[in-house]
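My questions all concern the structure below.
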Amino acid sequence: MKFKINSTLSYHVISPTTFFFNILATNSKNQKVLSENLVLSEGIEYHEYSFLNEDTRFFKIHVAQEQLFTINYEATVAVNTIEFHQDLLMELMPIQDLDTAVLPYLHPSRHCESDKLFYFASNEFGHYANNYLKVEAINNWIFDSVAYCPGSTNSSTSANDIFFTRIGVCKDFAHLGIALCRALDIPARYFTAYASNLTPPDIHACFEAYLGGEWIVFDPTKLSSKNGLVKIAHAKDASEIAVASYFGNAICTYMDIQCEMLSAPEPAV
Amino acid sequence: MKFKINSTLSYHVISPTTFFFNILATNSKNQKVLSENLVLSEGIEYHEYSFLNEDTRFFKIHVAQEQLFTINYEATVAVNTIEFHQDLLMELMPIQDLDTAVLPYLHPSRHCESDKLFYFASNEFGHYANNYLKVEAINNWIFDSVAYCPGSTNSSTSANDIFFTRIGVCKDFAHLGIALCRALDIPARYFTAYASNLTPPDIHACFEAYLGGEWIVFDPTKLSSKNGLVKIAHAKDASEIAVASYFGNAICTYMDIQCEMLSAPEPAV
Amino acid sequence: MKFKINSTLSYHVISPTTFFFNILATNSKNQKVLSENLVLSEGIEYHEYSFLNEDTRFFKIHVAQEQLFTINYEATVAVNTIEFHQDLLMELMPIQDLDTAVLPYLHPSRHCESDKLFYFASNEFGHYANNYLKVEAINNWIFDSVAYCPGSTNSSTSANDIFFTRIGVCKDFAHLGIALCRALDIPARYFTAYASNLTPPDIHACFEAYLGGEWIVFDPTKLSSKNGLVKIAHAKDASEIAVASYFGNAICTYMDIQCEMLSAPEPAV
Amino acid sequence: MKFKINSTLSYHVISPTTFFFNILATNSKNQKVLSENLVLSEGIEYHEYSFLNEDTRFFKIHVAQEQLFTINYEATVAVNTIEFHQDLLMELMPIQDLDTAVLPYLHPSRHCESDKLFYFASNEFGHYANNYLKVEAINNWIFDSVAYCPGSTNSSTSANDIFFTRIGVCKDFAHLGIALCRALDIPARYFTAYASNLTPPDIHACFEAYLGGEWIVFDPTKLSSKNGLVKIAHAKDASEIAVASYFGNAICTYMDIQCEMLSAPEPAV
């Protein structure tokens, strides 16, 4: 199916500031950017680059003096409808057989202190028969246990923080999901995306768990619709793929994120 | 019923050290010290005093030079068998009707950061019909969720720490119980006692919740037997009534705690 | 010298709420309330009580239905000018000679996790020749190291939090001072007061250290003027003497705190 | 100059366990492994792989049943003596000119919560004229402020933990250095190495800061000698390049690390 993305961000730059944005839709096995257009305020240039993994697209902007500037990103993206067979997802994946590229996602990271959640995760989810059932139970448990409340957390909030407070936003839900998976030795990573039918519209965060040899998306907020996501990036957690990180002095003054599904999902056969 | 207590503690004092002990059985409405004897190594003197509440008995020792010293405390204590009627415990106690002496036990304390557990406590236990049922659910939840493991924590460990790690000893179980009660606006306090039939024998920690106008003991470790406790003290948490706190340089080299029930509990009528 | 206090607080009560206020000036050895008047919105009653120590005056209000209500507290208070001789303050106070009423202020508390600051406090302040010089160094170090920023913290913030972030308000500065003193085995407690010449006017928080047998006030914010404080209360930390704690659902809609010095300090002889 | 490495590690495997080791010396621009030999207990196989960056060499072992096993790694490694001109290191490196491969080392990571140390780092080190002087000041400050004590921390300990406790081992010193650099927008990364003349011999951890276009090693423990390190790996922090991480149930029963300098450093011209 196809999606139309239209993102606008405005900043008031107070002193010289370097920005790194991670808002471009990725190209991957199951997703193709058909067309895109990035328009910046006059006189501002950007430099696109990748790192972490080749699919992730960043761009850098340096604003040398005080000014207002606006970024507009429009894209049309085709995304394959994917149906996984639960039987395959439930296949055992012993650690020693994991692809080495997957191993980093077993370790704790800044916002996912899985090393501190071992006992809880084992007691609460350790008895399920396989990793798929464990992740599904984690996802449901987060949805049931954590209140979704815009503005309740900040960029320093980690999985352990909301494990206490039980309140957060999509990135926090995702971080907790990742931390609980890794505590059970299930590879898990952070996933950002445009999401159709999200209210209010925003860049969304979910998590992916590595099950049966595939990275499977889970959304513990249950706010996004199945097959309604346009992937931007994945990483160990939000510290690596912030929507915008900046060095200098600037204030975000406006943000409008639109993601519209242009064609209905095709029926799975 | 009657209990016979016999506690021996030995210390190697390396440099001049002041000790404060809280190991003497308390006298209260339901407990009476029938006889007691405190014997210290020759040349060591102690000074008994109370604070916090008049029932709590501390004694102070100053050891001026390097030496080994031993404390032996023997006591015979009568404890009333208490039976509470659940109907009374389930009576509502609006905050505005609480005795003012009870109010401090609503606030967070060093080891019971109840202010950080509000959402969890509300979601997990808020739906029970009254405070008695809430505390009972908290007590069972701790027993089910936290592993008892000697040596797993230290004197800095707090309720929030074991809320993560899910492993601790009796004082940690008690602190978590207190924190969860206070998070629900139920007064709760820390409670130390000699416990008959405890394996291994040690000074035990439980918690008390204020229900129906009475302080009711809960033991989330479920290690002590009903009506098998000889109370030493209560306080906001362990920071106020450590078994031994000392200022100087000394090492505890030996500890033997015995508490034997001399007479069987009388049947409740 | 004399002070005139005039405090007004307004609340929008949304559902039945019980309030506990700690805003009445205390009577103590060095301070006398000459006259006072507490006026509440019509139909609201208050009940005054003390606990913790007899000098501390709380009052309780229960508001049974949605409404706006306002408290106005006016008082005239005489405060003795106190001058301490540094020689006396520098006298050694061995732990074993401390009054037992002072001992609780050696222990960590909710907002003053002194047990975690032992190494830092020893390294940074341990070399000063006596407790007075240590506390003075702590006070200056906090003033130099922590940024004062209204709104930067909340009621859960503790000494350890601002030891990291190095930003806070008067209560946080006080908590850090207390934690560092206790880490060095110096008794220290939290102290709230009306302060003349404070900008903006507010109820102020400082800390007291026990030196030479006296509780000496230190203000690491350096915002209050010497002998310009009218004491409200002291306690282990803010968790025990919040200006207002309430159980229910209410919003503070207005707060105006005035403290005017009516007579100049008399010259110390 | 040349180094001879000889590492032996033994494990008691209790149940099937997969190990990932990061103990092989790296090949890089300034370091060449001249010869090496990895010997494992009979019947144990290893699989070498790289990730994170091509220089970093891991190997994987799966032990399928209870047994004792031993790894011995011998290598001869040539390392260039490097001398940096302070003038070059002091050159300004604006964020917008940084190589994109360096950018990940600006972000917080599991053990280096730089986002929480911003105010402290700015106040304490922000006034130095350039990044080189800032990092040098950080390195000296850690050496002066933190006590080195074997066994004082564990694998969950982070920079923020020892910022409080002021006690740790080499990995903790390195993590704190990294966190403080990143808090000042200076790229910094974790660095493991064999170190000649280290007492007791062990795999050592330092940190590298990116200065004047080069990664410069700093050792806040001041235990290693200049030009006495044989690099194993670098990463965001220890969570990514643990000496050994294992999944299963095993106990390390023996560890012997030797690193001998075979030839003296050549004089810098």
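Think of it as A, B, C and D in the order they're written, each chain with its own count starting at 1.
Definition applied: contacts are C-beta pairs under 8 Å (C-beta built on N, C-alpha and C of every residue); 3 or more make two chains touch, one makes a residue touch a chain.
Everything numeric here is computed off the predicted structure, so don't read it as measured data.
S.K.: By how many degrees does chain B turn when fitted onto chain C using C-alpha atoms, rounded in steps of 5?
M.R.: 180
S.K.: In angstrom, rounded to a whole number, how far apart do the mean CA points of chain A and chain D lie?
M.R.: Distance between chain centres: 30 Å.
S.K.: For chain A and chain B, let me know how many angstrom lie between their CA-based centres, rounded off.
M.R.: 46
S.K.: Provide the C-alpha centroid distance between chain B and chain D, rounded to the nearest whole angstrom.
M.R.: 45
S.K.: By residue number and range, which residues of chain B touch two or more other chains?
M.R.: 116
S.K.: Could you list each pair of chains that touch, in label order?
M.R.: Here the touching chain pairs work out to A-B, A-D, B-C, C-D.
S.K.: Contact residues on chain B for chain C in the complex?
M.R.: Residues 18, 20, 49-52, 58, 60, 62, 94-96, 100-101, 103-104, 106-110, 112-113, 115-116, 155-156, 185, 239-240, 245, 247 of chain B touch chain C in their complex.
S.K.: In the complex formed with chain C, which residues of chain D make contact?
M.R.: Those residues of chain D that touch chain C are 116-120, 123, 145, 147, 160, 163-167.
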